[in-house]
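Shared between the two complexes below is chain A, which pairs with chain B and chain C, respectively.
Let's look at the complex of A and B:
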């Protein structure tokens, strides 16, 4: 009888370490990127030209920076819809300052980060102190910051930037190393973000809050201050991506960022990259590779001479496909 | 490590949530090195009292002293600082983080200057050591979501010890555990006590309480109604203190031999390897017990009978009609309902009101020709459910999630019984329900059977089967191992049968 009882009760089965599916996600994305590049390259050989590949990588930098800021916010179970508006405002402000008042880059850069931080901290205040759901708070500031761009630009637009801006956007920081400065900037930001998320208390607190904010609070983590910091960083990174954008394209309009729905693109990148929309789990490498994926897909639509009116719909379908496949895989694992 | 904590005394504690006065002038003291158990019906305020001691809630009045010194427990960290740790009712481990990180949550050690890095090596080493010390064999690098509830509770114990806490409060830890897991938890609790820790414990199960406690305090409606030391544990006395009236458990009527044609017949039901060769009949007015350990296949059999789960062979006949291949909707329509064990997942929709839940089973019948729901009928049904099943709530518009477990279960009953079934299968109808409400649920089941309904009660509680059932079928390893009726339905026989010791 004791025998039977033992057999029937569940043994405390040992939980084995599982293979990390995150790495799988990155590999899948890389394969998808190569498949698109090769496929489109066969049909349109110029797609694989050095200059086009450089273009795609450069345009993924702007997306990647916005995606990293979004990744941090999503890990906390939040969302930041205002990234595109902050990006646009920053591109407009610093594009105009570079030409009209010839502000040098070394002044523009800290000012830009500070402006983004202020805009982002307002989001953080709304979310963490006033307890407004992030999607509503940042929808409000999306309109607000987007509106500020119109007011500030007052009908003007940026169509060229000062040489030192252009050198930042298109040059190579390290002589002899043929890597564009923005790519180095993204690499530096991504590496710093990875370090923070995996090896610093602040990063672990972000993950803890995303898993269970009440439990994190009970463990003595300051939830409000951490959330404030996350939204502040998100604003600063979004503003930085606006600066990179205007530096390398040399142009900005009142609908830069919002017109391309960078807020939705950044969310899509984070999700494609393996960050959980329900929070508590993030994958920065996935976000960076996801931004390259999206940039490649968008460019491929152009090369395939898909009529321009189809871009938005095509991009949306690709995002849905990638996110659906990703979601299915992670629920199976 | 082996210092014994001082006397933890709460005096004159009041606590209100809005208009709801949850604790009134409650005093409780936990003596050094004792296991002190709180008993009381659901909603009596047990969890609230523990949460106040752990700094999660702040009392509206009263004070807490440790060794005579007044404590200011403004948040859980303050409580840790004084050595008090609560193992919560719902495990609160962070699912996507590693076990090791969970254990060090809020106190992750770092090394180096700026930027100071988290010292993962120390974290893993210490986490693994402290789990091994409790006899828990898991890899601390694994995500917490892969742990069973029992393992999560042990991780919580280890968390308490890592924080140097020597007063550990367990809020109803055994409800979700199997018998074996309870044994492991109790062994650890005994060891902690032997090392001088003070332990708080909450449970509804009388046998567990008398096994582990040194002292029992009973709460009723937010006030302490009795305090008993080991040796003075008397079941009737404790139950009276909890419920405020006599509850008679041996009021069992004569076990009847039901007559007439079976209303439900199951023949050769099988789905290898989960269950096979299952034959049984239930007659109108009969209460049939299904006993068996968790994992014996009893729930799977019930689900297969009700069309909720695949079967590879067998027939199910309900009132002469073959329903083996019918859809779930048709089976309910034909008069067979299954009331599942996990209320929150399958039984009721917690955020919705009593009215919405009570009428959910027959929403089709409430629709007029226009497709618009008949509000008057809805209110009538919900009000009737509340009255007939004695649901204690503010009104039919109160969300079910705010009710106690027993009252939730009554709403579930009301919902299914309002469809007037011929046969009802009730899976663990009193899981997580306190003694007073249990008694009421037993009365309900008997009333329904007296009206001619055939009822199958699935239960792992011996007492429940003996009090309630006319006949008991024991399931072991997916097969019917024994059938007991009449005078054979005794604790010894039923207990032996569901452990697989009684041959067919």
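Let's look at the complex of A and C:
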């Protein structure tokens, strides 16, 4: 894992191999997760129950998928604020379709990925071709896609989904193996993303662009097309996480995603997981563990009866802490 | 007359758009033109966006961004309401303290950005959520309302019965900001940092301290916008400022200030404030929903940067191509200039 990343960052300036740092981040996070689980479990014994732990892992799946999509974008030195709007739109569209026109899951899945890819590729077009800074481009599309959700929902909301959606969200794919389908889906996506990032030319191009876009261009990498692909993947993953969300919870409203500040959560997860905000370095294992960490911390806050209004403040503090305490590159001025 | 007319092509285009938009709404939307005073009073609905946009211009000129303006304005309004309601402070003293608190929050943004070296967008995205949590926690379940007649004059009053107080304050502030940016050393340092950070650093500019003050100014203006909103509605809600961000950034960018920093002026921002304000209120009066209006503003944000990038010498540079083509025909160019 670290071999491929350091190989990709060799052409960049002041690239020093950091062999132990990445594993350190994951181990620290795992220790933190166990500490929170044990600490809160002593105070509130029901926190350590099997059903609660299963709930925490399940609720981390949506976050994890959004976090992986954000990780890819952040590696290219970008940011995607529209993940929450795409998530909400996909949850709304396919939640409503599953009940009103009883669309089966096998149709919804490719349609959902295609819709997310189209929305994401529009982001990519704005960033790569029109040279709009990612933060502004995705802030604009955040309002566009969020508005689409409102218009599409037309005052309706999803309060139940068809049985095959519910089976996908809560059931076990392989009979006898007590692992819910969403967790398997996250594992598959994470493994695929890890393979793409660390063992494919495309992944190394992404890392190279994040390290130094000009150098990547001079080295013959098609920066525009790679960026377009990254934002497309990000949109597709965000839409997929919306599908998982609606299948798992069975509900969606016009403010799903945007109301919960999923964009903030996904950025927090990626940065906690050790992805560098300055680009060029990504840690998918860290992102997945980070999503479990965030889910555990939020559930712990619920158990400790901290009012919900403080959650987003906590996520903001987590981002600041992850950026300042994490391995920071020396920056000028 | 020659001096009254804007010299920059971008600003000229904005004037044309403003005139066309205003005339269009007056003719096409029944109820938009409501007498001279009534039409001027429309500005009261959107000038809070303009106050935020003025402060944000300073930050964007340095090449940074402040995503926390919405929550700063909400938090400042809540602080003001609490000072008045719970501590019985004099209204104007409370306003002053709340604006000061906004400056403090902006200063904190600046500290995080310059001392901890967090990127502006990440720092202000995080503080946005931290500030809004604090605002919601402070505001409690029932939003405070009723701050007296004198305070209401700030948001809804009119001088001599026709000139809105907000408009007067906005014009004075716009002239002040324009002077700050074009006529003072601080303003020139701001633009220089935005244009070329390293050059500014090597020219002896204390980049960090200039930036800290820029975020402080942005916080002060956001807080002021929150207080004007509180005065306009005669009530305070913690999430009152959430709508401000997107429209204000759009105003700054449509006004011709480069999102990369170092380019643009306050005149364009003022024109963009009027354009987007007229557009927003016109659409609301014409019966479009708030969501559609927000979507349209998002689209304007994207297209105005895209157009600017197409023409800018740092982007696709369509501008110099047109200039080169038009210089092939000098007589026509002379004619159009006079």
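Here is the rule we use: the second predicted complex is superposed on the first by the 291 of 333 C-alpha atoms of A that agree within 3 Å, B and C clash if a C-alpha of one lies under 4 Å from a C-alpha of the other, contacts with A are read in each partner's own complex, and residues count from 1 in each chain.
The rule is simple: a residue touches a chain if its C-beta (ideal position, glycine included) is under 8 Å from a C-beta of that chain, and two chains touch if they have at least 3 such contacts.
Computed from a predicted structure; not experimentally measured.
Novice: Looking at the overlay, does A:172 come into contact with chain B only (first), chain C only (second), both, or neither?
Specialist: So A:172 meets neither chain B nor chain C here.
Novice: With the two structures laid over each other on chain A, which partner does A:220 touch: chain B (first), chain C (second), both, or neither?
Specialist: A:220 contacts chain B only, not chain C.
Novice: Where does A:204 make contact in the superposed view: on chain B (first), on chain C (second), on both, or on neither?
Specialist: first
Novice: Does the superposition put A:251 against chain B (first), chain C (second), both, or neither?
Specialist: The answer is neither, since A:251 touches no partner chain.
Novice: Determine, under the contact definition given at the top, whether A:264 touches first (chain B), second (chain C), both, or neither.
Specialist: A:264 contacts chain C only, not chain B.
Novice: Who does A:157 touch here: chain B (first), chain C (second), both, or neither?
Specialist: Neither partner.
Novice: State the interface residues of chain C toward chain A in the complex, per the touch definition above.
Specialist: Residues 65, 112, 116-119, 121-123, 125-130, 132-134, 136-137, 197-198, 201, 207-208, 246, 249, 253, 259-260, 289, 291-292, 294-295, 297-299, 301-302, 305-306, 309-310, 315-316.
Novice: For the complex, give me every residue of chain B touching chain A.
Specialist: Listed in rising order, the residues of chain B that touch chain A are 56, 75-77, 80, 92-97, 101, 105-108, 110, 115-118, 120, 136-139, 141-143, 146-148, 150-151, 178-181, 184, 293-296, 476-477, 496, 499-501.
Novice: Any idea which chain A residues touch chain C in the complex?
Specialist: Residues in contact with chain C: 79, 126, 130-133, 135-137, 139-144, 146-148, 150-151, 261, 264, 267, 271, 277-278, 307, 309-313, 315-317, 319-320, 323-324, 328, 331-333.
Novice: Please output the residues of chain A touching chain B within their complex, sorted ascending.
Specialist: Residue list for chain A touching chain B: 1, 4-6, 8-10, 12-18, 195, 199-201, 204, 207-208, 210-212, 214-221, 276, 280-281.
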